């Protein structure tokens, strides 16, 4: 259920609707829009009688929401969300590029990457300080030291920092250092982590699980939004299919569907999306052409020496070339880079 | 095994190498290039001793081919193939757009479509005269009458005609009417049909099977090439995955890999690739951005009345809008439309 | 639409219903049952008014069929079909085992296999004379010579022969030699081949395509049945998934669903279903436990020297061991071997 | 690297090897076997020189381990592991059946289920107290109250209790009540949770992720084992494929491969494996026939009123029927129930 307020509704009107929602035992989620406010209702199992709200002052209409995801749906919020990451807008006219290594390895490595990303026109530095690894015996990241190195790179370059959080008990720590918290594919349905991310103030980049449906990705985002954090970036990063030549199959049809079903910005990860260096730039171009609001791309000063994901990391010259190509595609879809 | 001839090799030198290949019990496939000729050898089970050829006049080098596909590989032919479809080049600087209905339904319908495609700048008319149908009780196309109507549309508009051939015994008939023979996803490993298509003179558009790997697609193309028809257009049309919201998952990573592994042009089918009308244009843009040489797109004057695939058919105004958008993307990747 | 006749309906009554069906422009398919006859109607696009039949003599009821597959559905024929293969019943109380090599390689090889299968209690000899191969340069089978060798093995052992037919123009030839025609996974939607198999008299073993849904398999069987051949054995042989350790993923849930939706016998192919020798026997046991009516299993006197599929072929002692194990499972599900 | 001790090696010999391992900077995992002890080494990135151990007293052989999973592999421990769940052996001659509802709903419901399971010969009660839900607005289980109700059912029936743990911070709580901790498919790569489960004393039932490979499942088990808990039950519960008719595709080939690669017991979940009630019993039979050591099956007194997973829950009479059928299959594979 969604209660659309009239353009002339007062804060008091809105509060009265919220009170009524709470009286019914549900939760109220006022969502300010450019012209008027909508109030999402969650917590109900079945339909709610619209007459509970129709007669209240300031109410334009009470409408049923047909999708299981609500707060993240375009039914509830028709306008696109622009997420403000400490001054950088994601989801607006400008396309954003997040570049950096798979893992933070050393100060020299991360500063070299950050300089390269900033010089090429990127706006975010990506890098893993806490790494999810298939093997318990593999390198798991520099942890807090990695976060500190990324913060240093931010100071030097002005880039925003996006980095993965793996566990509920490190959400606070990562939130202290990062500008955007990344929740990885393996954790897309780690519901406790989603809720913890929903309770801290930083925006969240939520990656689609390896075999998650589009609807499940939106439901995972709904977990975050239901805790009050609406600053969510959805990320398509390839799904698992039968094809053995590429690491994953990037699903750009999902980008089109996500933009249609949700008001949230969509980021494409061409690096994990194909897992083969030579294919990253074509998919970066394709991602923006499909309508994505940004890219997250792995690069490394020396990919052959990377501690992880070297096969899919761009070299610095390739990253620069990609930026030029993506800039041209951005213009061709009336965006900027 | 591939025998590279020197730039100054004579026709007689080339014939001598072919003779030696035949003496060894194998087949010879001379492949002229801009500078020099390469001769592919097929029919061998294991490695061939290069010294069989090294000393023959005009031979530059005899090299082993590491991929199971040979004639269609870039190892054998480094330059890109440009397929000449009765005067229209596919695989060159210009991107081609093939538009039309799923099925040819009537003269009025196909002429309306053809006019719309031609006016919007398309170069090929697509349309099914023989339809593969999951149900034996469904409409199977107008058959020869459908081919005749497409030929009439070609006369009127100058568009080239691409249409599917389903069976070995209709290859001749379809070849008489069509400019390009389409082999559909269900028939990608119908080896008798591939060979029949390889023995007739018209170019072939070969669609990737629903769960065919990239390598299997190239091996299917190899079947056609091994019969002497090198004019093959590879077509990515979406693969089958677990995602229920879209009909298929368009694999644009495959486009990047195909362009890297093969010299053949690659066409993208965004209509089957997503199966949802609203997603076709974003994927058409993405396909060209990923490096495809053309698009094949379903459109219909009244999609809601289409006899098949109406859900994914563009209206005429949508098709026109797509052409404008794809033109801009083409420029952004140094192509033309 | 299905017209159920009364138990006391006469042949004349049945013919009158068929006449009425033909008058309406549709096709009539009388399906005799143990107690009474049902008449399937195909060729209609939409619903048919039951009052066309309700008043005719001998008619019990005219009922709509809700599934797109009709003749192969249990709605149309509630009793299980038992296919009579020249005296061997498939689909009855006895489980059948079809054993033999991937390819017929020589007289000695096929006779050795046939002896081993017969001695171990198998009832069918499998073996490929016409082989579908991913590569155009690979061995394609001994062709007619292979059929002759299998016929010789049948004479010697009394085993029935099941072998694959690849093309429409060899249906007659294969039908002349084989007791059961196999249509392989790659050809499951080669509709011309399905229809040709429906027009010849021998039973057909229809393999599920690599990424065919259960419904599509039933629709493919419907193609055969619609041409008048109801002697169809459905075969689950593994589907293509993301798992790289096994060649395919055997879908025994499909066996349960097929037995529920269709009256046709179901055969399981554990060899292609896993593609790893050590896993074949466990899956053979599981297939019968799941309710399959038989198995088709690859075996070879010397798997390491097999011309194809050696990795998944059982040795003769393994085949014998499998037979003992499957016999015990058969008893545990009230079947015999 | 694995150090195999001689049968006559003393505890002191074993400790000396462990000391040497620690000196090298690695971790030592002594694994007692029936005849002799093996010591797994983890924490190394590359190969270790076997001469570090060959000359130490009591050492039979130092051997390299070729698989990325070590402690859970049969290379490291050839004998099968029998997990002792408070007196009930899992992985021995007896097959175990775990039955119960998807969610614990009330005292009456769980006691009814427990009585039915116990009477039918089951040994474990399953039931969700903490439920992972796709939607943040769905019922998430009775939580601690649910655990208390299961404990009460255990007192009454003597059944062992298996229940899911969702978060690191509830591991202690669940471990206090349960006999076996279940880690669900969505959490198979929640590495913090795996490690927490590895640090508590109760056995762990680890479900395969929806699109996890067999190798990834074993690596997830390795996370638990690396923390010292070797009492792990691997659970195949179906993988995500393109097939829409069933909820998942049960991969019994994985059961065969897991039994070959690992010494750990394997449990099959036919309920999630197909998601359709009528298919559960056939797959339960097939699972045991394939070699599984047990089953985990959803049942409910009134499936149509179940709060979750009603579609795949057996009724009590169906559960009883299943037990009889599985008992016969168990005998046919030389097991007991």
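Going by the order they are written in, the chains are A, B, C and D; count residues from 1 in each one.
Definition applied: a residue touches a chain if its C-beta (ideal position, glycine included) is under 8 Å from a C-beta of that chain, and two chains touch if they have at least 3 such contacts.
Keep in mind that what you see is a predicted model, and the values were worked out from it rather than measured.
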Chains in simultaneous contact with subunit B and subunit D: A, C
C-D or B-C, whichever has more C-beta pairs in contact: C-D
Most distant chain from subunit C, judged by the mean position of its C-alpha atoms: A
Inter-chain centre distance, subunit A versus subunit C - centres from mean C-alpha coordinates, in Å: 49
Subunit B and subunit C, separation of their C-alpha mean positions in angstrom: 34
Shared interface positions of subunit C, touching two or more other chains: 211, 240-242, 244
Subunit B contact footprint on subunit D (complex, rising order): 211, 240-242, 244
Residues of subunit B touching subunit C in the complex: 42-45, 68, 132-137, 166-169, 186-187, 189-192, 195, 210-211, 216, 219, 222-223, 226, 240
Contact set on subunit C toward subunit D in their complex: 211, 213-215, 238-239, 241-246, 249-257, 259-260, 273-274, 276, 278-279, 282-283, 285-291, 325, 328-329, 331-333
